[in-house]
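Some notes on the structure that comes next.
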Amino acid sequence: MISSPVPSTKPLESIDERLRMSGVSRRSFLVFCTSLMIAAPFGLAITDKKTPEDVAAGLGKVIRPPIIWLHFQDCTGCTESLLQTSHPGFADLILNVISLEYHETLMAGSGLQARQALDEAVTKYAGKFILVVEGSIPTKDSGIYMKLAGRPALEVLADVGGKAAAIVAIGSCASWGGIPSADPDPTGAVGVADLLPGSSIVNIPGCPPNPYTMLGVVLQYAADGTLPEADEQRRPKFAFDRDIHEHCPRRAHFDAGNFVKQYGDEGHREGWCLYEMGCKGPDTHAGCSTRHFNEIPDVWPIGVGAPCIGCTEKSIAFRVPMFEVVKLHTIAAPPTSYAAIGTTYGTISPLATGLVGIGVGAAAGAGYIASRKFSRVEADESIPGSKSAGATSTKSGPSDPEPPGGASA
Amino acid sequence: MSVALSRRQAFKVMIGLGGVAVSTVLPKTLSAEEHPAHPVAPPDAIGMLYDSTICTGCKACMPACNEANGLAADSVLSGGIWDMPTGLNAQTKNIIELYQDPHSDEFAFVKKQCMHCLDPACVTGCPFGSLEKSDWGAVTWNSSLCIGCRYCEVACPFEVPQFEWESWNPKIVKCEFCYDQRLKKDLEPACTAACPTGAVIFGKRADLLAKAKDRITNAPGKYYEDRVYGEHEAGGTQVLYLSSVSFQKIGLPKLGTTSLGHYATKVTSLIYKWLSGPILMAGVLGFFIRRNWNRHELERLEHEKETGFPDQL
Amino acid sequence: MKGQQLTADKRGTTLINHWQYGVPVTRGPVLTPVLLVLMGIAAIGLGLCAVRFFSPLGPFSSMNSAYAWGIWKTFNVMTLTALGSGPLALGLAAWVFNRQKLHVVMRTALVSGFLFYATGLCALGFDIGRPWNFYSAILPWRWNSESAMLEISICMPLYCFIFLSFEILPLFLERLYYTGNEKSRAFLRHVSPVIRKAYPFAIIGAYVIPLMHQSSLGGLLLLAGTKINPIWQSPVMPLLYLLAAGLCGFAFTIFLLLVVCLRYARVLDAGVLTELANLLSGVCFAFLAVRLVDLVVRGQLHTAFALNGMSWVFLLETSLILAPAIALRFRRVRETPRSLLNMAALACVGGTAYRFIPTSIAYMPPHSTRYFPSAPELLIAAGWISLGTVAFVFAVNYFAVLPGEATAWDHTFRPFGWPHRATPSPLVPAITVESGI
């Protein structure tokens, strides 16, 4: 893949020089710049230009940033996503834009050679190189669960990370622990920022993240020594400020109430909304819905019919069950459904009306019985409650003080 | 002793008791605002102007309101998915409703929230002053004073206050003009801030009224009755409406121009002024009752003399 | 007892006010099947109240925000306290207008009134949503003096639990006197003069305060404005509510006296009933006159006689009041127990209808609303009414409520000594006492 290895004694050249040296066409470079512009439409100084030509002009003068790429507890998926960029020339191109000094997956050497290459690069570019970390770092039992050339990952990170100009934690594992940190977390996996809180670290969570986000951050740092604006989880805002749901291509189905109820059902085949299948889109901040993978439209989970698992969210990915429906926050109903002006409030229960009927009937009946009692004693025109009335009244119950029909009023 | 107290003493006691009662109520009575039939808006009164002809029904104001006020989405009707209230309720302080004529193409949106009356009936009726007219005229609710009697719901002609029927610790939910959430921080209410079309705008009530009248003058015949709803309704409200269809059709009740507070208190405020009515009544009744009671006591003593029993025992 | 020779055992009639005297019923079993049924309903109601204590109002009642006041407020409080206004109506007639005859039936009115108020207020306690904030009632600086609701929420408990309780205090004192030991009698001899000294002042409060809050119940509805049908919505509603309270107070006292005296074979002077009937008729006419003048002045007469839905309700309600008003003008009706009972019942229904309709049928908020009390709501309302009835029956049986001569008091009778001694006391059988007034 690395077409022309650079002798380590030579100083790094600018991107333009390197591309010319490697015979990469200007057209390919312009396509790359366009991709970068799409990946970071705003919030990144190097892509904040009107045309790809302007971006290419700026980018060409940038000295290729030296990068040391360390693997800890990972699956190398993040590296794969960098390499699996679609056009055959792209991985080449990308590796010509940056100077990858050390990368365990891609380097030819191994064993002592590799160890020497790392030491050499760290010494040569001390304080200048950018450290990219892929994978989480085990902390339990003095970090014995992951060793690099006989040294635990903790030690390697402290050593190399201490000399880096900036650290990019790529992938969810390096950002906060990722899959290795999922319950029961046997290795005590943590992210880079947990161990080196004082360093300038950019987290690019995702499983895997979009490689252009990483390239954008690295190139911006190489160009003017600044890191893009980040949120409280150190994620660059240009890529992580909005949630998937806001720009999801299936949003129209959400608004229309078309939901996939089961994998493979009609709705699934029609590409309906996956919300009810546990899609975490409404709670997940990432650019996936606008920046798909491998430069191919619709290459991302929801695009291929799988619900988002919220891999960029520490509180969701590998913690909330994949098919659990998330709660929606402050999402108004689709504009097709409105409340009517005069919605009727309240309901009437048949049981209650029946009860009132019985009550009114009982009261009226009691009143009638009381009245009847009087009719018996009326003949002698005596005052009420006289002795004759008393004799007949012992059988009647205590009368209801409620007037007959009082409840019906 | 023969007679408990002389009449003079009795009146003294009554006056004393009345004085105690007056001294407790008087400060409040004196400071309480009068209820003029047609209240005048104070110069700092803020307002909202909602123009139904501009509103596109995007509902941007609804989640903005929910967010600003920390209200959960009412998703009962939508099966747990969308915020789909059917009207103002315990989770909805602000709602866009749609009027559709079943027989023609006529339709209009209407935004419902508290009208922030100049002389609010809810404030007049609230027994312990839980609802009050705060700075700039916002009608706010204070949880520590409310007893949950729901008189405000009965009193409000616009049926704005909503009781949390499902809560063990029920609150009165109503638009408070984002008083605590935003007004105090010099921010405009969430709904007006969120409105993308300018259908609902925020400002001083006087300015908005002038603006509304300008709109009417500039487009004669466009607006219903060429008038602003809320200018005089129920004594005037701080939320003003413009509409091309009848106000009653979009659910704004037909109300007189007199404030309800004035209607309800014009007689009682006289009777209860400094508790004069009850005290007077107590004096009159007391006179007759004393007279009859003295008769009773005389009769009792006479009877005692007759039978030799010490009082009735 | 006037003019009647006292028995030699030195037991007089009453402790505080000898114009009001009575004797407990000391015959027959107290626990009749009807009473057991009422106790059952009361138990269900109280059980549901316990549930309500732990449950929000929503799932329990069918009240909603458009129709915010359910029957606990509108029926148990606003309507039934009209029936419980007997103490007010009779008291004003007896003390202020000097109808001496009425004192003897005051206790019946007092006990029934107290029970109506107390049960209504208990039901109200379960109706309000945030009762823990009610302590504001004793902090005058929190009062909103313009609010009719404030007047009611303070005056009603004050009236019921201070003034009415004070007025029924003699019942308990007499009970203690007749069944207690010498020590308690000595104590009563000591405190009675003190109570007598306070008595006239206390009853001033007992009339002024219900005059205030019974009119405020009408004033409460003024703020509802156009939500109440114009036939009922009127600035004179406070006065009409007060008159309806007086009307119901008289009518219900007549009804209750007739029914109870029939049930317990108690002799009652026809003069008292005639007096009450006269007063009832007068109040009915006064009520109707105010109603008519009000409708004419507001120009709503055509609405009232439009012969549409609400108009029929108005006409029914008015005729329920008009019929007894006219009928009781006739001596034959007044003096026939059965027609008097029927007319009193009609007036009760008419008066309560006036009190109930503005908050129920005629309450038409702009939002269309369906309100019909839910089953638990109804059972609680019925439970409190039943509890009041049961309490009344016990009061009649154990306390000197019903008019009667003190000499008829069965001193061997002990409270809660169930079952009751079926045979009359050998001392003086209650039923043999002649008319006492």
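In this document, chain identifiers A, B and C correspond to the written order of the chains, with residue numbering beginning at 1 in each.
One rule holds in what follows: a contact is a pair of C-beta atoms (placed from the backbone, for glycine too) under 8 Å apart; a residue touches a chain by one contact, two chains touch by 3 or more.
Bear in mind the structure is a predicted one, so any value in this text is a computation, not a measurement.
**Student:** Averaging each chain's C-alpha atoms to get its centre, pick out the one most distant from chain B.
**Tutor:** A
**Student:** Counting C-beta pairs in contact, which chain pair has more, A-B or A-C?
**Tutor:** If we tally the C-beta pairs in contact for A-B and A-C, the bigger total goes to A-C.
**Student:** Compute per-chain Cα centres, compare each with the mean of all protein Cα atoms, and return the closest chain.
**Tutor:** Nearest to the common C-alpha centre lies chain B.
**Student:** Which integer distance in Å separates the CA centroid of chain B from that of chain C?
**Tutor:** 32
**Student:** What whole-Å value do you get for the distance between chain A and chain B if each is reduced to the mean of its CA atoms?
**Tutor:** 45
**Student:** Counting in whole Å, what is the centre-to-centre distance of chain A and chain C, each centre being its mean C-alpha position?
**Tutor:** The mean C-alpha positions of chain A and chain C differ by 66 Å.
**Student:** For chain C, jot down the residues that touch at least 2 other chains.
**Tutor:** Touching at least two other chains: 63-66, 366-367.
**Student:** Going through chain A residue by residue, note those that touch at least 2 other chains and give them in order.
**Tutor:** Residues 342-343, 345 of chain A each touch two or more of the other chains.
**Student:** If I count partner chains per residue in chain B, which residues reach a count of at least 2?
**Tutor:** Touching at least two other chains: 87, 251.
**Student:** Write out the stretch or stretches of chain A touching chain C in their complex.
**Tutor:** 342-349, 351-353, 355-356, 359, 367, 370-371, 373-375, 377-378, 381, 383-387, 389-391, 393-394, 396-409
**Student:** Given the complex with chain B, which residues does chain A contribute to the contact?
**Tutor:** 254, 257, 275, 325, 328-335, 337-343, 345
**Student:** Tell me, which parts of chain C touch chain A in their complex?
**Tutor:** 28, 32-35, 38, 62-67, 75, 79, 83, 112, 251-252, 255-270, 273, 335-338, 340-342, 345, 348-349, 352-353, 355-357, 366-375, 377-379, 382, 385, 388-389, 392-393, 431, 435
**Student:** Taking the complex as given, what residues does chain B use to touch chain A?
**Tutor:** Answer in residue numbers: 57-60, 62-64, 66-67, 73, 75, 78, 80-87, 95-99, 109-110, 249-251.
**Student:** Report the residues of chain C in contact with chain B in the complex, numbered from low to high.
**Tutor:** 6, 10, 12-15, 17-19, 54-59, 63-66, 68-69, 92, 94-98, 128-131, 133-134, 136-137, 140-151, 153, 177, 185, 188-189, 192-193, 196-197, 199-201, 203-205, 207-208, 211-212, 216, 219-220, 222-227, 235, 238, 365-367
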